[in-house]
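Each in structure tokens, the structures are laid out below.
Shared chain: chain A. Partners: chain B in the first complex, chain C in the second.
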Partner chain A sequence: MGAYLYLAKMKLMAFLTYRFEVITSLGTNLIILMASVFLWKTAYSGTDAISGVTESQMLTYTIISVLLSSFFSSNIEHSLQERIAQGNIALDFLKPINLIFAYLSEDIGISMSSVVSKLIPVLIISALFVQVPLPGSWLSFLVFLISSMLSYLILWLINALIAVLCFWTVQLGELKTVKDGIILLISGKIIPIWMFPKWMQKVLSFMPFQYVYQTPLSIYINRITRQEIAFSLFIQAIWVLFLSLALIMLWNKARKHVFIQGG
Partner chain B sequence: MIVISADQLSKKFTVIRREKGLKGALSSLIHPEKITVNAVDNVSFKIEKGEIVGFIGPNGAGKSTTVKMMTGILHPTSGSVEINGLSPFKDRKKVVRELGVVFGQRTQLYWDLRLGESFELLKRIYQISDSMYKANMKQMDEVLGINEFIHIPVRQLSLGQRMRGELAAAMLHSPPVLFLDEPTIGLDVEGKHSIRKFIREINQRYGTTVILTTHDLDDVEQLCSRLIVINHGRIVEDGPLQDIAERMAPYRFLVLEIASPGIGIRHSLADTVRQNGNQVWLRFRKSEISASRLISDLCYSYPVLDLKIKEPDIEDMIRELYKLNDKTGSGVCN
Partner chain C sequence: MDKLRYYLSVASYSMKLSMKKQLEYPMEIISCFAMIPMMYATGILLLYFLTQNLKSIGGWTFPQLAFLYGIGDLSHGIMVVFSVQNWFLDRYVNRGEFDRMLLRPLNVFFQFSVSYVNIIGIMDVLVGLSVFIYSCVLVKFSWTFSNIVRLVVIILGAALIRSSIFTIFCSVAFWTKRCSAVTALMNDMLERTTLYPMTIYPRLLQLMLTLIIPVAFISFFSSCCFLGIDSSFRLPADAAVMTPAIGIITFILAQAVFNWGLRNYESSGS
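After this line comes the complex of A and B, so read on.
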């Protein structure tokens, strides 16, 4: 356990040394925040509520979505691709630790650095210029935290599954961009799924994506009932379990496929 | 006690043959021509505890692939390898706990952070107790002078310092088996010296088994009690350096300087191979006559002013060995 914590700590330390990266990604987050805020302000001009959600709730949804996405930045695709392309993956196999947990720990370390470098600044700026994004209730805030953790795992597992493909292909090409595009559109990151046509909502409910963003955000703004919350958390847990099993299976297959580049 | 045993170990790689030019690139995109390369081909050996074994062979001979199968990184296509009776691939976590590994061309240290952080991480990975960690760090400092640069970020270390750091990192958990893949590559004379001294010391003090791949024959001469020569994925020689030298280059030379050039020098157990002016070259076999006997015989009969003995050149011998094998077959088949 100590090893995994220390891995996270080392990544946190290393990432805090890259100041330029911090500034640019903070800028990107603020642009996305402002664009979404103006989009919703325009959409709500003349109406009080869309699909039973008020303008203020929607703005909170948007702010928290940007905060979550700054925290959800995972590095696994990039780091695994680089390790495989340069052959340094060899060194990972020589450590008596579980590598999937090790990579997850590193990414959690990076996410922790986002708390300082992105989350707090974005929160302050949105509180000053948009509104204070208060949760529906203290209870919904607590459940939101639990749901967000499951969201993080779902997203990380999806990323890790794609990253493991590098063992066969070495390069991921545009796959990461395609996946990021899908998540942007159908996870509720920008536009909530409840605004989509009914048939599409039905289709999307069988996919893991909306459980990444929409579920914790709906809980935060108190949009769904207690029963629905319990059901959503259950579905999230099922996805975590299913994706974990898939990752373990793919990983074990990949292990036999290891080819070390560069001697 | 046998620490490592490899039994008919083989590794095949499938590579796509690229034709030249744009046309070739297109045709290999549509219809890739796959070639199987036998990187390692039916290799068997056993390594005893406390041995320092040198793996040598030309680039691409299969040394590193063999090491990567021994350490559980690569999965063998066929055959098996065991370390202390366990498969390094199936029981990876259990086996690698007993191994220290240094790849001369890669770093296991954290580039952006000070060297000490990497050691702190390894302490946790191998669950080294505080007292043990302290003792080992003290010892690493004595032998490798680690404390001089422990607070410097790894990316700012010189190659020699980094290599010392890598060795310390590999030995921090006192593994009984140490793999070194070209540990002296790119180092200056002083750097090579301190690394060799370290290897000898841990071998003598703890009986650490060391497996070394190298292109530096000084490493082999100074460290290895045994040599395994690999070429085209096969073992072509296995044994103590002296034995291989005896077989490959059984001759030694005695070079004499004599008082006057006209004297013809003869000895029943040595051939006079060259004579120009005052200098005479005699070739003899170690197994047939000792150097001291030959010298005393010759000094008795001839006016010898000066003499020196020339040992066969290891580098020449190894080059011969590599060449010899090129004729016997290549490792590529379709």
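After this line comes the complex of A and C, so read on.
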């Protein structure tokens, strides 16, 4: 445990050192926040509720979505690609730790640094200029925390699965950008899935993406019933389990691939 | 005149060379060709789903929003072909690429501008063009000669504005040695601010996006002009004049900022 904590701490320190980068990526978050807030404000001029959601609920949804996305920053694709391209991966395999957990702790370190560098500033700014994003109730806030942890794992596992492809392709190219684009569209990050056509909602419920953003956000603004909450937490857990198994299988295959190459 | 012909021949050689370099890895190009259309689809789908629920955004219907998005997309595609190297200005700085350019008796900014032609970007242009033509059909655009000329001038001007914005902001790499975060920031900013009509933003922000970073000139004013929507700004001239004019002004500014940064350039020491 000590080793993983150390890794997470080192990443946190390294990220805070590049202050200029931190400020610019905070800017990115603020721009997305601003664009969405004004979009919804325009949309709600003249109506009280869209699909049963009020304006203040929708603004909270948007703010928390930006907060989550700043917390959900993961670096696994980039770091694994670099390690493979430069051959450092061979050294990693020599270390007496579980590499998947090591990479996960590094990324949790980055996310923790985002709490200081992005999440808190964005929260303060949106509380001052938009509204205080209060949860539906204390209970929904607690359940939201559990749900977003599962979301973090789902997203991280998806990223890790893509990253492992590097063992075969070395370069990821546009794949990461495409994945980000898909997540932007069908995870409920910008526009909630409940605004999509019915048949698409049905299709998307069988994919992991909406459980990354829409599920915790719906819980936060108290949009879904207790029964639905329990059910979606259950599905989140299933996805975590399924994606973990997939990652372990792919990882074991990838290890062998490295040895064939002579690492 | 001779000088111009000389510059043009250097540009064409340099661009051909960079294209040949990229064609060495055909698989990478093919894989990117398959991915890019999906990226553009997300923007238009977002607008579609939104308008399904909201009917209109700030008074703009889906066809009108698609037209706005189409102009933005096409100008983005052209920018990606000819000046994507702005995004990677930090690599030029860190690898000491400007050493070579500084030794030649030619304008460095010119050499930098023609040093790369992005073949993959052609896909961006094609997808941008199809989105744009689709949107033209939706708004029943009238294809008269004067409209076509205006369109071409506007889209080229818009691409020049986009490219110059990136040159100006990525020149920060001369000082900080990095610009990937700035590139990401500008990309997000340009995407968000050209996706929706400018009128959804408060007046102060509209002014900033017109006067400080001229995003509004990329697609908003010209769309208003063509679609006959009130932009709430009184422009001194038609969008077909304003967009290229702003493009040239930002381009001159971009060159000045680039040269200022170049004075600060120190070789990588390799």
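Here, the second predicted complex is superposed on the first by the 258 of 263 C-alpha atoms of A that agree within 3 Å, B and C clash if a C-alpha of one lies under 4 Å from a C-alpha of the other, contacts with A are read in each partner's own complex, and residues count from 1 in each chain.
Note that contacts are C-beta pairs under 8 Å (C-beta built on N, C-alpha and C of every residue); 3 or more make two chains touch, one makes a residue touch a chain.
The model shown is predicted, which means the values in this text are computed figures rather than measured ones.
Asks: For A:48, using the defined touch cut-off, is the partner it touches chain B, chain C, both, or neither? Pick first, second, both or neither.
Replies: After superposing on A, A:48 lies clear of both chain B and chain C.
Asks: Given the touch rule stated above, what does A:256 touch, chain B (first), chain C (second), both, or neither?
Replies: first
Asks: Report for A:31: first if it touches chain B alone, second if chain C alone, otherwise both or neither.
Replies: In the superposed model, A:31 contacts chain C only, not chain B.
Asks: Quick one: is A:95 in contact with chain B, with chain C, with both, or with neither? Answer first, second, both or neither.
Replies: first
Asks: Taking the superposition on A as described, I'd like to know which of chain B and chain C A:181 touches: first, second, both or neither.
Replies: Only chain C is touched by A:181; chain B is not.
Asks: Taking the superposition as given, does A:10 touch the first partner, chain B, the second, chain C, both, or neither?
Replies: first
Asks: In the overlaid three-chain picture, which partner chain does A:20 touch, first (chain B) or second (chain C), both, or neither?
Replies: A:20 sits against chain C, while chain B stays out of touch.
Asks: Looking only at contacts as defined up top, I'd like to know whether chain B or chain C touches more of chain A.
Replies: Tallying touched residues of chain A, the top partner is C.
Asks: Quick one: which bits of chain C touch chain A in the complex? Just the residue numbers, please.
Replies: 28, 31-32, 35-36, 38-39, 42, 45-46, 49-50, 52-54, 57-58, 176, 178, 180-182, 184-185, 188-189, 192-193, 195-196, 200-202, 205
Asks: Spell out the part of chain B that touches chain A in their complex, as residue ranges.
Replies: For this pair, the touching residues of chain B are 13, 64, 68, 71-75, 89, 92-94, 96-97, 99, 101, 103, 105-106, 108, 110, 112-113, 117, 120-121, 124-127.
Asks: Any idea which chain A residues touch chain C in the complex?
Replies: 18, 20-21, 24-25, 27-28, 31-32, 34-35, 38-39, 41-43, 50-51, 171, 173-175, 177-178, 181-182, 184-185, 190-191, 195-197
Asks: Mind pulling up the chain A residues that touch chain B in the complex?
Replies: 2-3, 5-7, 10, 13-14, 17, 87-88, 90-91, 93-98, 255-256, 258-260, 262-263
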